[in-house]
Each structure stands twice: as C-alpha cells, then as structure tokens.
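Which chain is which? They are A, B and C, in the order written, and residues in each are numbered from 1.
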Amino acid sequence: MLEVKGLNIDYMTLRGPLRAVKDAWLSVDRGEWLSIVGESGSGKSTLAMSIPGLLMPPGRITSGSIVFDGKELTRLSREELRRIRGSEIGVVFQDPLTSLDPLRTIGDQIAEEILEHDAASSKREALEMAAEALEAVGIPRNRIKYYPHQLSGGQRQRVVIASAIVLRPKLLIADEPTTALDVIVQAKIMELMKDLQKKLGMAVILITHDIALAAEVSDRMAVMYAAEIVEEGPVDEVVSRPLHPYTEALIKATPDLWREKTLYSIPGNPPDLRNPPRGCRFHPRCHRVFDRCRLEEPRRLRINGRTVSCHLHG
Amino acid sequence: MRLSSILSPLVSLLRERYDGKWMLLAGLVIVAFFTMVSILAPFIAPYEPAQISVPLELASEPQPPSWEHPMGTNNIGYDVFSRILYGGRVILYVVLSASILSLSIGVPLGLVSGYYSGKVDRILSMVMDSIYSFPGIILAIAIASVLGTSPTNAAIALAVVYVPTYFRMVRGQTLKLAQSVFVEALRSLGYPDRVILLRHILPNTAPVILVVFGLGAADAILTEAGLSFFGLTVSNPNPDWGFDLYNGMGDFRNGYWWTVFFPGLMIMLLALGFALIGEGLAEKLALRVERD
Amino acid sequence: MTLLLEVEDLKKYFIEGGFLSSILGGTRIVKAVDGVSFKLSRGETLALVGESGSGKTTTGRLILRLIEPTSGRILFDGIDITGMKPGELRKLRPRMQMIFQDPYASLNPRMSIGKAIAEPLVVHGRATWGEARREALEMLERVGLTPASDFYERKPIQLSGGQRQRAVIARAMILKPDLLVADEPVSMIDVSMRTSILKLLLEFRREYNMSMIMITHDLAVARLVADRIAVMYLGKIVEIGPTEEVLNSPRHPYTEALIAAAPTIVRSARKPRLRIKGEIADPGRIPSGCRFHPRCPYSDSKRCVEEEPEVTYYDGRGVACHYPLSP
C-alpha cells in the first residue's frame, strides 16, 4: 500500500545542505504496523513526516518516490496532500497540547476536520461522528463539550488519535506519541492503537526511540542510524537475531527489566551529519568493525525478507 | 522603549532592509564620528563659537552658507558650523553621563529586585513604575528647572528619567534567570547570592543592557534637545544644538533656514546613530526588546 | 552501614490561586509531597520511582532544601537541616549535590565548561583559580571529556547532550559530596549513551562512598543503579524495599502495574492487558482512603475507600496497602 523508494531529504542550513534522510526504502502493507526506531537526529521523524507532505521548510525531498495507494505523493500539490491527510493518512504528533486548539471544545475540533473533508453533510452529523470516534478511543461521548485543558495528558493524546482516525484512514503515522506521557499511560495508548489497527484494518507507522516499545507492538521494524535505514524486517527476527551491529548494540544498551542487568553502552557519539564518517557511518562506534567498513559504503542487501546495510553480510 | 515617534518608523524600515551587523556598524561609525569631531572641535572650528565672525554691519542679519561659513551665520553673527562642533560636546557629555549614571543605578537595583522578589521588589517596582509613567520630557523639565540650568544638572535630570528603563529590563531578565535550572543548580552548589548575581546573572543580562544603552541614549538625545530648547542645559551665548534650534526659530520664519536646519539635522543624526547601535545589537543578539 | 540521611514525615503543600481566588474561594491546596519518610545509609542508592505528579522531584528538592518543606524533618549526617539558616546551610551544601534532568538548562550558557567545573572549588574557598583549573582538567579527563584542555574552553552549546550531562556530573563531583540527588539524569540523553552516564555515577559512588537518590520514572534505570526502590504515588511512598525483591515480587498493586507497563523486548515476558484503571489523580484532589483505590484493580472493599493505609514494614520491605499482594 505504501512504498518509499530511494528517498533523499536535504535540509538547507546556513552551513550548506544536510542530508537528513539518505536513500530510504520502505514498504508497508495494508493493516501492517511498521515501527521506525532511531535516536534523536537519526532522521526517523523527517522520513515519516515527508510521507504525508509535512516536511518543515528548510527540509526538501531531493529525489526518490513515495507511492501511496497507487498515487505518487511527491508529485501532488499542497492542496491534494491536504485532502489525503486526515482522510487517508492520519497523523499523531508527540505533544498533544500543540495539536489541539485550547479555545475550542474537542468535539468542535474533530467535527471541523470532518467537515473540511466533506465527510459529513451537516455539523450535527459531524458531531455525531466525533462522539463515536471519542468513544472508540475510550473517552465517554458526554465529554464532547470539554476543552483540552479539562483533560489529562493521556486523554488529550486519545483525542488527537480520535481526530486522526475519525475518517478511517488507511494509514496512521504516529511520531513519538507517548514520549511526553507516563509509562502506564503509554502502555494504554499503545493498547488502544493496537486495537484500532485490528478493528479498522489500518496500517500504522510508529516513530520511536524506544526499541523495546517498538518490539512489543509492531509487525515490522526499521532501524535508522545517521540518516540511513540500517536494517529492516519482521520485528521478532530483528529483535532476536539482529543483522546490523547497531541494532544489536542498541538492544543491548536499552535497560530492560526482563533481561540480565548490564551497563553496556555504545561508545562514542552519533556523527555530525554535515560531515559523516567515510565508509559505513556506524564504523567508528561499531564493535565488529573491519577494514572494509572504513573505506566502502555498505550496499543494501536482501536476506530472507529482511534488508540490512552491513559488510558483515557480504 | 520611549524612542520618539519620529525615529522609530525609520529604524524599523532599516531593520527590514539590513541585518544587525550593518546597522550596528553604521551606528558605531556615526557615533564615533560625532565623538571625534566634538573632541577635536577646538582644532577644527574655524571661529570661536560665541564670537562675532562677520563684519559688524552683516552681524545682525543671518548670512547664508558660503565658503567662509559652510553652515552660514546666525542673527548675532556667530558661525553656525563652529557652534555645531562645540555644541556636540555638550550634548554628548550630557547624554553619555546621564546614560552611565542611570545604568549604574538601574542595573544593580534591577538585579536585586528581580532576584529577591518580595517586599523590596514590590516597593522598588512601584517607585520605578511611577517614574516611568511620567512622559520623559516633562519629568526632565521639572527636575532640571528645580536644579537650575547647567549641563551637569541636565544630565542628572535625564538620568532620573532613564533609570526605570534599565531597571525594568534588568529586573525582567533577572527574574527569568533566577527561576532557571542553571541558577537553581548554582544554589544547590552552595554559591552565595553575591556570586550568583555578579558572576552568573549579570553577564547574562549584559546583552540587554547594551541594547538598552543604545536605544536609551538615542531617546536621551531627543530629550536633551528638548531640555535645551527650553534653555535648561546651557545659557546664552554658549553653543548647544537644542538651544540654537530654539534661538533660530524666529529667523526660520523669515526664511533663514540654516540656523535651524543644521542643529536639527545633527540631533537627528546622532539619535539615529545610537538607535542603530541599539537595534543592531538587538538584531545581532536575536533579542526581542520590549517596546511600549 | 552508617546512616547518612533520615527523612521524617516530609510534607510540601502548595497553595494554588492568587489574591482573587482567595476572595472567590478558588484556592486549593496541592499536596505535592504528603508524608514521606525513609532512611539512607552511606554508600547506598535509593531510587524514587513514580509517574509525573507522584512528588518524586519535589521530594528530591526538599531533601536538599532547594525548596522549603511545609513540615517534617530532614537529618543529614545527624544534623537537622530543616530549620537551618541559609548561611549555615550553604556551608553544608558541598556535601550534598544535585544533578538535574535537563543538561542543556543546568549550565550557564556564557561560561566555559572548565570554568563552571572549577568555580565551586573557588567559591567554597577550597582552591585558588590556578589549583581549581588543574583539578577541573583532571575531572574532565575523569568523566571522559577528552582532550580535557580542549573541553575546558568550550561553551555548553558546543557539547552534545551526553557530554553536557558529563560536565554537570563533573561539576557536582569536584566537591566530593556525601550525597547526590540525581533527578532523571538520563531521560533526555540518547538511548545509546544512557547507561554510560549511569555507569559514571556508579563509579563516583564507589570512589567517594557516596549515597545517591536516583529520581526516575523508569524502573529499568532504577534497577541498574539502586540498592533499594521507593515507589511513590500522589505524594506518598506506597512501597519500599530492596530492588530485586520489589521488582520480582511487588506487594503493592501500583508497583505491579508499573512493572507490567514497562516495555520489554523479551517476548515471553509480555503480560496480558493492564488492569489498572484511569490516570493518576490531580494532587489537588487526592482520593479518600487509599489514594490509589480508584485505579486499583483489586480494591473492592470499603476499607480502601475509607481508611488510609500507612506503610508497614516486614522483613526490610514496606508497603502501604490494606491487602498487599502475596509473593
């Protein structure tokens, strides 16, 4: 349903262009949950936000294609993209406060979105749809007249999700939707998104820095490092038998209640994207580095339905 | 800031066109030029500022600009150009000493008030707000009339007017910094308030102080000219831009434009110079200076 | 083990609403910390774990008297610091340090890293600037900011988040404190570097035989560093005990929920749906009886609604629940 091919995204900065996403390839099937995992600055949000045309100005797609449901999104006008957002692709951001208007009731905000997309014939019908969407995310319909400040952080994020799914999009993109929330609330929001994915047959792209969270909920996982997707595949395989040393190290460095205690961390710092290391971008921090890694950029390899960019595999 | 309404449209126009670096540079060049010229006035000036410089029969009527008198003469026969040169010394002395005086009172009070909120802060803020609520020129005239005509008294009057400007800016910044994590971290390290205020908060307010200095001085130029206009800075026959402006008013109506034009132009140029320094710094330091 | 810190029935109430609401009756009391007691030995690490609104950060600030408690007592090395005058307290400060969540905000943006680390020694009269500079260079080396002479001159903005947190740790450690309160020291650091920061703290702990209070929302982080865990909920400790015991057999339903909600990559460890209800209450409207009862999946007795459970200790473990879970 969604195919991203050879996507490059540059940010124009005062000190020259910066490649935030380099040669990204991805595909998401109908009803499938893909998580993109990476640290800050890895390009995961940039990649995800470029799909529904939400790249912020100094960012620009320089080459590559994004095909969604047979349409080439990179060639659509702003207006056409706006129509697709909300109706066919829903988007949820990290901070629910910034995505809600504090001066209007939550029902009004969802209803307005419905009317913007001509998905209801009257305000009344739109409000009815909004109430149903709120119920679907676990907010009683009598709260339709509430203002955002009357709700807790978790409930606000539920409202944002309700407005993202009210028009039954085929794809929901969620950018760190639970980072600002507490663990228990996070777990509940994830349960909700999982339920909605199944019930509505909707595909999900989750952006997160938490590989454990991604492991719990997704079908497939892509791992990004320094603007590149270094590994992609079915989640259980990636997590239990990582092909890329970065994935392996990231799993090992993530504190986990259910694994042995270790104080392992990845040595060094993430690279400066204006001046990335030669050869493989991870080589200065890699525990399996060899000569070739320093000289030659690894190619994208396909191994049994998984992809990886690492010289260890050829 | 109280930047007068004549200047601000010009400055905002410049702000749209040029970036902070050029504005700052232009302002510095203007101010440095006037300072140099004022210092060197005795060497540059072709005549004494308060001496009749034309044959007596021509003295009672202003003479237009000529080679001998590049800015003409006034109705007593004084050379306008020489008076401009000497007059610059007065206005720079008054404005700079007033600015330094109000800075050295307003900044410490602002620091203390913003850091120790509470009774002291409330009282200081009330006093400062009541001074600030007077129109600057009227307050300056009132104080200067009480003190009497002299450049130093004019400087004191202006200093009182501009203390609240420094106070408000520094207090606001201090208040914000005092609640910041980095100051809390310094408290947890057991730093005495003196060290926190002087070594950490003060340097962080320095950019704002510089901006206020530029904009405040620009405004003070205009206020000083106002004081002089009412004869509160110098008395006859001493040269002074604002005072000469006033003395030339009568001639202006009779078509002798130069006795008014040149002092007025100088006032505007010098004020513009300081304003450019202030605005340029603000732009360069990406500061949004509150204007009200 | 000797005792370093004793906290007794610590409370912090904030009054919300200004002059207008005091007339209109809109003021309310927010009980951010509502009776916290615990003891900390020398060299021991206690993790204060809880969600936002649990009062864990306020507790940390109260212990160092960065804010004034409403009531309660804090004994530091046998000295009651609760009523201490600011001047005396300042002399004690070098012995108790804090590091904050946001390394970007904890440093003076205009001061070089090296100077920021050296300055505490000078301020407390322990060294001249020359000596302090030398010690700061050693400390930079020690926390891995090398080459030290290069980092000494850098401004905070020229450092990454992880490097900044190392600088903040260096500044706190140069005074060789007996107690360190670390408030979410890694929550803003990239995952790949988190554990290296924790490791650094543990090394200093061993070196100085320092006690540590680790404030965190992340049980997995608490597990890596803490000897004991105290779980806080709405301003109170609901469970306290040795780390592994608490994590392996939680006795409070809230602790159980926190454990169940922690993400893991271990497939077999994933638990069925969370049974805990709703979200943490507003600290201005604390529920009656057991403050956890509206969310408790087990509570069905009147006792939980009417009677507030106090922490009761058994075998080195404390739990505030009328019906604690059995192991």
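Criterion: a contact is a pair of C-beta atoms (placed from the backbone, for glycine too) under 8 Å apart; a residue touches a chain by one contact, two chains touch by 3 or more.
Owing to the predicted nature of the structure, the values given are computational and were not obtained by experimental measurement.
Colleague: Measuring centre to centre, with centres taken as mean CA positions, what chain is farthest from chain B?
Modeller: Taking each chain's C-alpha mean as its centre, the farthest from chain B is A.
Colleague: From the Cα centroids, identify the chain that ends up most central relative to all protein Cα atoms.
Modeller: Smallest offset from the overall C-alpha mean is found for C.
Colleague: Using mean CA coordinates as chain centres, what's the gap between chain A and chain C in Å?
Modeller: 32
Colleague: Where the CA atoms of chain A average out and where those of chain B average out, how many Å apart are those spots?
Modeller: 56
Colleague: Please tell me the distance, in whole Å, between the geometric centres of chain B and chain C computed from their C-alpha atoms.
Modeller: So the centroids are 52 Å from each other.
Colleague: Tell me, which residues of chain B touch at least two other chains?
Modeller: Correct list: empty.
Colleague: For chain A, which residues are in contact with chain C within the complex?
Modeller: These residues of chain A touch chain C: 39-40, 152-155, 182-188, 191, 209-213, 215-216, 236, 239-240, 249-251, 253-259, 261-267, 269-270, 285.
Colleague: Show which residues of chain B lie in contact with chain C when the two form their complex.
Modeller: Touching chain C: residues 180-182, 184-192, 195, 199-200, 203-204 of chain B.
Colleague: Per the contact definition, I'd like the list of chain C residues that touch chain B in the complex.
Modeller: Those in contact with chain B are residues 64, 66, 89-94, 96-98, 100, 102, 105-111, 119-120, 123-124, 168, 171-172, 175.
Colleague: Tell me, which parts of chain C touch chain A in their complex?
Modeller: 51-52, 160, 162-163, 190-196, 198-199, 202, 217-221, 223-224, 247, 257-267, 269-270, 273-274, 276, 279-280
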